[in-house]
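Attaching a single structure in structure tokens format; questions to follow.
Naming follows writing order (A, B, C and D), and every chain is counted from residue 1.
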Amino acid sequence: MTPLVRVTQLTKQFAKTRAVDGVSFDIAPGETLGLVGESGSGKSTLGRAVVGLLPATSGESIVDGQNVGTLRGSARKALWRHAQMVFQDPYSSLNPKMTVRDALAEPLRNFGIARGAEADKLIRETIEACGLPASALPRYPREFSGGQRQRIGIARALIVRPNFIVADEPVSALDVSIQAQIINLLQDLKSEFGLTYLFIAHDLAVIRHVSDRVAVMYRGKLVETAPAATLYATPRHPYTQLLLRSVPVPDPKAEIERRRNVTGAEVTNAEATDNGCPFAARCPMAKFPTCSDKAPELSAKASDHLVACHFA
Amino acid sequence: MKTAATLPTPWFAPAWLVRFLRSPISTVVGSLLVLVVVAGVILAPLITHADPMALSSDTLLEPAWAHPMGTDDLGRDELARVLYGGRASLVIGLFSALLSVILGMTIGMVAGFFGGAIDETLMRITEAFQILPKLLVAVVVVSLIGSGLTNEVLVIGLLSWPATARVIRGRVQVIRHEEFIAAAEMSGASWLRVLVRHVAPNVVSFLLVSASLQVASAIMSESFLSFLGLGDPAHPSWGLLLQQGQLFLSDAWWLTTFPGIALAMTILGLNLLGDGVSGSRIVAGSRR
Amino acid sequence: MVIAVASRLLLRRALLAVPLVFAVVALTFFFIRLAPGDPAQILAGDAPTPEFLAQVRAEYGLDQPVWTQFLAFLAKALTGDFGTSLYSKQPVFAVILERFPATVLMTGTAMIVASIVGILVGVASAKRAGSHADTLISSASLLGYSMPGFWVGQLLVLLFSVSLDWFPATGMEAARASYTGWRHIQDVAWHMVLPVTTLALFLLTMIARFTRAAMIDALDQDYVLVAEAKGASRNRILWHHAFRNACVTTITVIGLEFGAVLAGAVVVEIVFGWPGLGRLFYDAIYRRDFPLLTGAFMFSSLIVIGVNMVSDVACALLDPRIRR
Amino acid sequence: MSEPVLSIRDLHVSFPTATVVQGVSFDVMPGEIVGVVGESGSGKSMTARSVLRLLPKSARLGGSIRFRGQEVLDMSPADIRAMRGALVSMVFQDPMTSFNPVLRIGDQIAEAMTLHGQKDRKTLSDRVASLLASVGIGNPKARARAYPHEFSGGMRQRALTAMAVANGPALLIADEPTTALDVTVQDQILQLMRDLNATSGTAILLITHNIAVVASLCRRLIVMYAGRVVEDGPTDEVLTAPRHPYTWSLLQSVPRLDRATGRLVAIKGQPPDPAEPLAGCKFHPRCPWVEERCTRDEPPLEDGVRCWVRPAL
């Protein structure tokens, strides 16, 4: 099956730093790829570059047959008819001066999808699909809670009936009891509208829950990708292993078990260089000079399990 | 809120009045002051029948019933001169503020919205303009090109835009990085539509504050020029009246007191209004 | 170490100031060219003799192409040659230098007084933000901010010289007696009271307003809460933690508004007959002495640029995040 | 049985528009680590801050907070300052904004000690270095001279913890200490707190929204909702056999890392607005087991649970 999204050697450079450094991956139609990484790993930049919201410095991003990689300006507009984004901060992602109806009507008008009664019908259907009543339409964002705002943000992405959505930390700003509502909503919409997701989060448990396949990002590079079950059962990259070891679990017995496996002390290898493996400085398995000489390529260690490590 | 708005209100307390009186005290006092001044200046012929230019032999009279603010050295009625002088001050203030706000808004919006090298260049220029002693520049230019309403408006307006540009640019930069702007782009909006429909509405209140402070500052600048003898003698403004008052400082206190009160009242009103609209004194306090 | 950092920063800021100085000179040149009529006529004053006109033409190279003229003008300005005053027939630079100390004395005193009082008032006001005392102080400083400096001066003269006769209304020293030594200093100080008060009042309200806003902002930060949780007293939090941050704003504002301060000094000097640069401006305007006017302007602009440089460096020393 | 180091009884915190903490009572024993879990608006942070009297000016406090038997609400401002940072200290959520940006890290840590009597410069700088070393910051002498912006988030949180324990407090209040951190750093900070508690016997009151963090660190767990304690008990019991519907729902709504989860059980609706009065149990609009009396009367906290129904969960 041809992938819906194909990203090849995508790089985004800001001033001197490479936020995204030669990233490649595919997403099959109907699949959810979970992208996980710590703050500053470049996962949000990658998400924005994939849909062309940020023009890439080099490389390709082909979504639904449209190559947007390094395009700027209105050339990207054609893609957004079919690829949309759900943002992180429900307080920043809605224009405070626009009613819900106006916010939802924007894409319909700009893309010339529908107008008048037809647009009205679409707006109603979409907001209701996202779990808000039509009575919400004439109101302003400030009248809604964080969770409700996130529903509005999802409706805005959904209204063009895209087939691909980048969800950038869609639940991390929400309270725990609200997170589950939004995760469930995104999963319901996926099956109802046949969506494909790139789901970005720093929460490993959320990523495990929503993803078919998971990509782990560290300092601008993908270090491991695998089907969710495989990755969580047998992580191969030392960084993935560290991440998974670090997360406490809400079960006292399991937590005691986890802590037994954690060595605790942080590793610092002074031999690491900028040319080598990005994780070399913190890696407990690093061997020098191999790890400081050359950055390892992402390569298949098992079918569908790619790891970027010299020794994994 | 909704129920309050739909309830019928008595004629003497319509909803807008109630809302106005509930706004910050500085807004209320500020707008009342401005209102009084503007009304006085516009309705000058109804308030006094005296001609501000008519000379008489009653020179340097103390304030009395016939001349509530006294008369000047040429026997002109000071009340009339203050009222009509306000026209010159307000007109110059309004028009130069209009010029500087339009300039500042355009430059601030462009710099904040496009960022990068454009922003860098525009901000360096803005900074340079801000460091320049603007009143002294105005003095030199007006001395060279001659005084007159138009020249004063142009000079003050062209020198005062940096304050507005910086406020607007700062605000636009904040908004530019809000996620709803990225969302608007992805909604297929052109950059012009993003700017007009998504950025501008979130800048308007800052623009109002800036405009009100600009009018105050322009009136102040004009009075400075007039005081140095660079005003338009055909349209004597408050500053010009104060310059004349300086000559008779020890003989005729009323010639400095009354025009000064009018001037200070107007500027205070506008500053209060700016403070009140910004919701706190912080916006006014951080205009740089 | 502080000196090393400061001189490094000063050098870098000086490099940034070069284009600004260049711009000021270019602007002045441009103004003279912009003025309607013959620039020689402007520089030579009203109704000059043909010989003098020719002399000015030669002196400024006005028969040369514009670019040559500009370079000559620039070269002269940068060496301190601002031309010859039409009225006194003396070099402009010398006339300015003669007047400069009086202005420095008054402006400097006013700045010191205003900074101390303004900061105290601003901090006290921010400490009680929202209280009646704060409202009163803020309203008073807004009122002060809204009154033109020269009018405040006029009112002070009316009250303290004309009505009460406490302080002299004009001049820098008593006209009749020529005091020396300690008596002279006393006399000058006596004459300074009203002009310094006037100028300081304008500056003070501005400093108080900006300091208050910056302090309120600083007191709202997490590190203030952390300091409180450490057991720091209210005063220590106010000065050691919040003000250390807020004063960066205060200093920046003083720098940026220094042009307005000089302009304020001009009018205050006129009201009080203070024999400084401001009087010079006034006389130059009045006598249409354009070489003197543009010279005084360029000189003041350079001072303003210098003050901004110093305030930039001071901010960088106070806030390690600005040091680059 | 020894005296509790902290004893809170019927604590009320109210603002002019709303009451955010209502009738909170619990004890912290010496050397104990107690976790308080709740979402935003549950009143957990306000409870923590009232112990040090660090509430906004407009807040009104009621009830009793006793630290080693002494009533905190009756203390003079000088007594409170003497307690802050010395006997009871606090670590805050955001390490990026918790340090004063214009002062050196070492000086800020030293200040915690100068404020409580230690004035000798040499002793101070040695102590600062050893504190920084004890939280795992290498080259502490040099790092003490650094400014906050030269530290990473994780390092700042370590330094902040070092500052909090500088005077060897009897109680450390940690308000969401790991929320702003990456998981790998979070794990290090939790380990740091565990070590601190083990070596110096400092009692810790941990405030967090993350149940897993509590499971990792605390033996006792208090769950707060809408300004009230709804469940209080040993961590093992509360997490494996929750008795309050809110606790149960919260556990069901979080995806798990250690096993695949089916569809999440979301809690419907929103937490109540504290400005709008709500009769009965504050959780009843969102509770699947709601009965008629739940909407009428508020249940008391009995036997560690605040619920009328007590369904078998």
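Everything below uses one rule, namely that contacts are C-beta pairs under 8 Å (C-beta built on N, C-alpha and C of every residue); 3 or more make two chains touch, one makes a residue touch a chain.
Quick caveat, the model's predicted, so the values are computed rather than measured.
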*Using the touch definition from the top, list the chains contacting both chain B and chain D.*
A, C
*Which contact partners do chain A and chain B have in common?*
none
*Could you compare the number of C-beta pairs in contact for A-D with that for B-C and name the larger?*
B-C
_Whole-Å gap between the CA centroids of chain A and chain D_ = 31
*Approximate Å spacing (C-alpha centroids) for the pair chain B, chain C*: 23
*List the centre-to-centre spacing of chain C and chain D in whole Å, with centres computed as mean CA coordinates.*
53
*Rounded to the nearest whole Å, what is the centre-to-centre distance of chain A and chain C, using the mean of the C-alpha atoms as each centre?*
55
*So which stretches of chain C touch two or more other chains?*
none
*asked:* Give me the residue numbers in chain B that touch at least two other chains, ranges are fine.
replied: none
*Got the chain A residues that touch at least 2 other chains?*
none
*Take each protein chain as a node, join two nodes whenever their chains touch, and name the resulting shape: line, ring, star, complete or other.*
ring
*asked:* Judged by the touch rule stated earlier, which pairs of chains are there in contact?
replied: A-B, A-D, B-C, C-D
*Over in the complex, which chain D residues touch chain C? Could you list them?*
52, 54, 81-86, 89-90, 92, 94, 97-103, 111-112, 115-116, 147, 149, 160, 163
_chain A partner contacts - residues on chain D that touch it in the complex_ = 39-40, 136, 138, 153, 182-184, 186-188, 190-191, 209-216, 235-236, 239-240, 249-251, 253-258, 260-261, 263-268, 270-271, 286
_Touching residues on chain A, where the partner in the complex is chain D_ = 38-39, 145, 147-148, 175-181, 183-184, 187, 202, 204-206, 208-210, 229, 232, 242-255, 259, 262, 264, 266, 268
*Spell out the part of chain B that touches chain A in their complex, as residue ranges.*
178-180, 182-190, 193, 198, 201-202
*Of all residues in chain B, which touch chain C in the complex?*
128, 130-137, 139-141, 143-146, 216, 220, 223-224, 227-230, 239, 242, 245-246, 249-250, 253, 256-257, 260, 263-264, 267-268, 271-272, 275, 281-282, 284-286, 288
